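In what follows, a structure is listed as structure tokens, so that the remarks can point back to it.
As written, the chain order gives the labels A, B, C and D, with residue 1 at the start of each chain.
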Amino acid sequence: MKKIDNFKSIADKYEIIFFDAFGVIKTYAGLVPGIEKTFEYLAKEGKEYYIVTNDASRSPKQLAESYHRMGLKAITPERIVSSGMLTKEFLDLKVPDGIVAYLGTPDSAHYIERSGLQTLPISEVNEHNIDKISVMIFLDDEGFDWFRDLNKTVNLLRRKPIPVIVANTDRAYPLTASNVSIAIGGIAAMIESVVGKQFIRFGKPDSQMFMFTYDLIRESRQVGKHEIVMVGDTLNTDILGGNKFGLDTVLVLTGNTQAKDYENRIISAGIMPTYICDSAVVDLSGLNL
Amino acid sequence: MKKIDNFKSIADKYEIIFFDAFGVIKTYAGLVPGIEKTFEYLAKEGKEYYIVTNDASRSPKQLAESYHRMGLKAITPERIVSSGMLTKEFLDLKVPDGIVAYLGTPDSAHYIERSGLQTLPISEVNEHNIDKISVMIFLDDEGFDWFRDLNKTVNLLRRKPIPVIVANTDRAYPLTASNVSIAIGGIAAMIESVVGKQFIRFGKPDSQMFMFTYDLIRESRQVGKHEIVMVGDTLNTDILGGNKFGLDTVLVLTGNTQAKDYENRIISAGIMPTYICDSAVVDLSGLNL
Amino acid sequence: MKKIDNFKSIADKYEIIFFDAFGVIKTYAGLVPGIEKTFEYLAKEGKEYYIVTNDASRSPKQLAESYHRMGLKAITPERIVSSGMLTKEFLDLKVPDGIVAYLGTPDSAHYIERSGLQTLPISEVNEHNIDKISVMIFLDDEGFDWFRDLNKTVNLLRRKPIPVIVANTDRAYPLTASNVSIAIGGIAAMIESVVGKQFIRFGKPDSQMFMFTYDLIRESRQVGKHEIVMVGDTLNTDILGGNKFGLDTVLVLTGNTQAKDYENRIISAGIMPTYICDSAVVDLSGLNL
Amino acid sequence: MKKIDNFKSIADKYEIIFFDAFGVIKTYAGLVPGIEKTFEYLAKEGKEYYIVTNDASRSPKQLAESYHRMGLKAITPERIVSSGMLTKEFLDLKVPDGIVAYLGTPDSAHYIERSGLQTLPISEVNEHNIDKISVMIFLDDEGFDWFRDLNKTVNLLRRKPIPVIVANTDRAYPLTASNVSIAIGGIAAMIESVVGKQFIRFGKPDSQMFMFTYDLIRESRQVGKHEIVMVGDTLNTDILGGNKFGLDTVLVLTGNTQAKDYENRIISAGIMPTYICDSAVVDLSGLNL
């Protein structure tokens, strides 16, 4: 575990870099200042990179557009791997037909639709369509009436033995510098404990996220796990998950874990990143180029 | 563990009987048929009884009135011990002044008000009054906007280190024969896991409920724990809590635990009632009186 | 929450003081230096005090003797309330006869014996006596072969549906300045998760410990909860439990919670003591007496 | 979810079959009767198969030999994927040098040794070698003194911030028809809760086990997840994990889940296999071949 001054020396050491999104590339206030230099450097050096994010609220295309609007053009849809994509793969492999009942916005549901599979917000489940429901998905914390639709979800799951997918494992996400929002993962954990059934969760630290990205890369080239580094701001998702999958890991201090107490938190959690770096910004200012 | 045919033989054996409310005296459909005969018999025999209930949504007076409306006059406010009463005792002992922020209906909050202590729904917390908040209480699952107010609660608790009370430990409660509602105890557990702090919980199976009732009785008479029996329909609240407090316990099959699988559930939970009885109804029909 | 310089001002304010044992009166190295002055002062002022301890390894008489050997004569058996005493009360009320199977030392078992109730170490359970076993108790982490007897316990509990008591809720206890030992509460939690049954636990923070002591006092005098203060070194047992029972609480910094980080730990746990004091030592040195 | 009479119709439908070991191929009493016919059929039909097992107590070679001794020659080391192999991959990728402290038998440790990496039983950790320890692994429940070495492990992990690997997620394993043993996964969970750190776990239901096997196959051929079926006896490891990875799944009734209550258990756990089959035995008796 080494403290590294300039992210450049990490970028130089690996062929492929996985970045967490929130707390690494962007924060509640917009892009992490200077982060565009990192992606310029990676492009120049011919390094590959992916955004690996617990976000099932939108499609990769919509996620990429949100970076573009902030001025970061380097992040294209092909560069994004989200927990929503794992959810979609699950449906493709395991749910041939029927209705997908969901909690979330229409945007989040639109992405998982495909021929043969209709999506239906929990609010529209009724006696006429309940028999066709083949799976239930927790997609986003917005887009529904919590009181009415969470109670309706509990009773649907008590009545019908169907698989349940949680498309985002996070319990909360940052909203402003000081405020957070309860995430769909936190809501799903409550419903799981009320109905007493075991749900299927997609998202870091689970290694399926890393494997999905790893497989994506290997469709076009040979690569080993030792050539990849995972960059994240959260010990118990990015770093724990990256370590377990066999990747080297970098803890950056621009998000959930802060400069003032990162050492205490590493020791008290027992989760050790390979490197620690103030940010994921590549600094070329001190170099004669 | 004996199966008893007629609740009368249990009533005859003890001086004082504690009844759970839901699933024992009433169900979603109204009173348990014949339960009024039990209270007539107890009155005739001079036995004391208490309703010991995880319900902080209303005052004992309001709870008693709801029994009266169903036709059961025997249950007076003095006969009711609720988790709301423990919450009130906590405030009286530990919170001398300030504002009590709460989630619940105005009815639930009204009960805990007293001179020097103002109650304020979470929705009305703002920059002007936040500094005066001295405690936060989860009272009822109704009376607030779940999305707006649960998120507001999370951020209040992240910002202010105040004690948090959960006035009802239940995670769900029955609404109809087949449907349940998420209870305030389930909501509080979600918030607790999101903010990572430890809340104070009042309600069965915690022994403080039983102790409160026991103390109430001993204000007017001497009594030993062996003279009291706890009657309930739920193994992991009524029976576990009663056993732990040192009371004999009766599992009745009119609520959460059903005739078809009570034996399996007793063995799989490892929670043993002293007796099992179909219901808490005293049957005098076979007797020459 | 006020920082108090001298424990004397707390002692002066209450009629009755509850002390945790380990980390308050003694540590791995012996008595807390100067603690005898506290008990001299309490005696002089006519204050009542109790040691309220999660310790089921020995009887109150044996526990008192261990204080005497360290030179503290003020602690007599009548002043000690242990989780072992709650276990004994449970047996007296709920287990009329049969064999009590246990994990622990013969000393720990001797204390709970009484006419009609035989104790038997798990190692001696066999086909001839298994049918007479009416309860199983986790008493102490010593006195048995962990590998052989923990596996034997698992299979006993899978086979026989009997109540199971955990006589000490602690998961670990301090052994030296830097080392701890796994406590019987930690072992019991493992067995509970392996067999999937719910055990009955006695010990702080559960309020039954405080109630037992409170009842003991009220056998000889009238007293209110506001006249009692609980002194402890551990937020999530002594302070959480004392608060919940309605007592004022003092966090001392001679044990589990240290001067360097007590503020962070209070805020991160959300458990607020009424007072904080460096130690429970009454300092009379600055006074003209 | 369909009940299938003859495992043959499942074998006919997939290119590759993953089998759990215990409860599917063997039980405490030896091989599942007739299971050799399944492997004869798979060989004849040119189907590929793997044993995917939460067992880190021995190397694949030793595991294969134990099948050979029971008379099943079809299972060669190359056919076995164990949680011990994931542990070994983790060490290869993430632990360049130093000492691996472990709990387990010498056999379990021997397998993970390699140049540059010394293994050391916890019992032999001392002041001279403690600084060189770079990781700690829970390998097997045998081979050490539980009392002495579990306490020593707790204090090692409190003192040194190193990654901790649990090489088997199971909490118990069957020993005889009626008895189980506490598994190293159960022991590790106790230690994890005592030291308050987060360990890394390898084994079903975690998808890394399935991915490891999937990757192994793809080294020599192209294959899709829809061509693979996972056969297991345990809902919350084999079936949950297989489903989540995107495989079709078969619940067999020769192990943990029994014919008398599999329907209840499926509904109460909310984990749905694609098929249910009495056993994994291919029955050719009714066919004219």
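Everything that follows uses one rule, which is that a contact is a pair of C-beta atoms (placed from the backbone, for glycine too) under 8 Å apart; a residue touches a chain by one contact, two chains touch by 3 or more.
This structure is a prediction, so every number in the text was calculated from the model and none was measured.
Colleague: At the interface of chain A with chain B, does the proportion of residue numbers present on both copies reach over half, so same, or stay under half, so different?
Modeller: Same: most residue numbers at the chain A-chain B interface appear in both copies.
Colleague: Give, as an integer number of Å, the spacing between the C-alpha centres of chain D and chain B.
Modeller: About 45 Å, centre to centre.
Colleague: Can you compute the centre-to-centre distance for chain C and chain D, using the mean CA position of each chain? Integer Å is fine.
Modeller: 41
Colleague: If you look at chain B, which of its residues touch at least two other chains?
Modeller: Expected reply: no residues.
Colleague: Based on the touch definition given at the start, go ahead and assign the chain network to line, ring, star, complete or other.
Modeller: It is a ring, because the chains touch in a row that closes back on itself.
Colleague: Okay, in this complex, where on chain C does chain D touch?
Modeller: Interface residues on the chain C side: 145-147, 150-151, 154-155, 158-159, 171-172, 178-182, 186-187, 189-191, 193-194.
Colleague: Which residues of chain B touch chain C once you look at their complex with the stated criterion?
Modeller: Residue list for chain B touching chain C: 89-90, 93-94, 157, 161-164, 195-200, 206-208, 211, 225-226, 236, 240, 243-248, 266-272.
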